[in-house]
């Protein structure tokens, strides 16, 4: 079993949020989640946490496809609301793979392909044992 | 009922995550959540989404204490892992309140007060009707 | 004279840095600067401030092509060094134009087209008088 | 000669911008620059590049006080304009020192102590030889 399946199956939040794996290959991943009732905020639209969640899970899968690593920095601009019942799709693509860091561009779209949010995230490589046990700094999910 | 209670009660994700409101006053808010089994990632530590969630909810409450607004930008550095069963506390403080934007500093700590993550977030004011109905851009949660 | 030329000619730092305007149209701009001796840091490579400068000037031009606005938020990942004597090119493209904010993606490349840095920036619209006089919050350059 | 003096003297941009070193100790640094004519933008206020520059130089000094490292990520919110002839002060404090990364909080104030900008920045450690020669990824200034 590859690292992507390992993370996909072991991550409890992915299951709890009912995410679907749309695509995952070296340096790239795309996942989706439905804007269920429990993910609505005070004005009845999809919560910012849900947008972050699909971006973050795509990010984790895209970097883990290359090597064990933990996410340490996130920047995200939210530009449009997710509507109840719609799908939100998180996408991550590594645009820099260095010895000390991997940097990804993140995009969140709705079911019609409209951009809801865009951002960037940074991951630092860790050894497999550090990854599986616990890590000294940062986190991966 | 004030705007803080209005948001706290109407936001479905706050309820679903089992968050507690520790403190909320003008320009400041602090909330907590427990690192339950369902919030663990592939290496059995608290998911990054949970850290973001407590920071984002504190952010939303701190700005809503001042006026109706939607969050549009988030930057966060994660520096330490959240352990299973521990509490994570999200805190937000407005450090700039302008006519066109509010900017907050965000801190996430664990039950021992150690910093897990720090960041900043930006909110844009909206009219109450736009807030309650749906907003043209951005989101609040 | 259009807003782009107005800003290009009136901005003193653009002149001081010896920047060249490579392209500017609605929602997009690209500028360059040479990595001169005065822009070298302690390890004899192009200073981070120079990378930020070409990105920021491209950003200002891309938003001003649409309307008077001031920059309020910047996020940037630096992934590779700029070498002495090389050109650095800053590029900005608006990916969201809303009523209350414009959001751009920023890219900095070297003379060979390799990515040195990537980021995002946010601008808030202001009236022309506020722009020309001074603005209540934020800045445009 | 310590690492701080080494960087301060060797960085050409620090000299070109006429910066002053106000304070530097382990994990902390504060520098200033004057909002000269050449640093004004199109609406006659201090350029965003100048605000970034004092923050970035303070950042570089604060991390170099601890170990050789290169800056890889910057996030900054600008909330107020710098006026011509005023001083701008950049301040950086390490809030996380890990094995793989150092993370700092950045503040830019004017001569009256009012906050102009706030942000965070991340640095990755490098060996001295990599630092002095040139580095494979990232940059330090």
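A few comments on the model shown:
Each chain carries a letter (A, B, C and D) given by its place in the written order, and its residues are counted from 1.
Here, a contact is a pair of C-beta atoms (placed from the backbone, for glycine too) under 8 Å apart; a residue touches a chain by one contact, two chains touch by 3 or more.
What you are looking at is a predicted structure, and each value in this text was computed from that prediction instead of being measured.
With A-C and A-B as the two chain pairs, more C-beta contacts join A-B. Of all residue numbers that take part in the contact between chain B and chain D, over half occur on both sides, making this a same-residue interface.
Chain C has its Cα centroid 31 Å from the Cα centroid of chain B.
Between the CA-based centres of chain A and chain C the separation comes to 29 Å, rounded to the whole angstrom.
A straight line joining the Cα centres of chain A and chain B is 19 Å long. Within chain B, residues 72-73, 75, 77, 79-80, 96, 98, 101, 119, 122, 137-138 each touch two or more of the remaining chains. On the side of chain A, the complex with chain C involves touching residues 75, 77, 79-80, 95-96, 98, 101, 103, 105, 115, 118-120, 122.
On the side of chain C, the complex with chain D involves touching residues 6-7, 10-13, 15-16, 37-53, 56-57, 60, 71-83, 119, 131-135, 137-141. Within the complex formed with chain A, the residues of chain D that make contact are 72-73, 75, 96, 98-101, 122, 124, 136-138.
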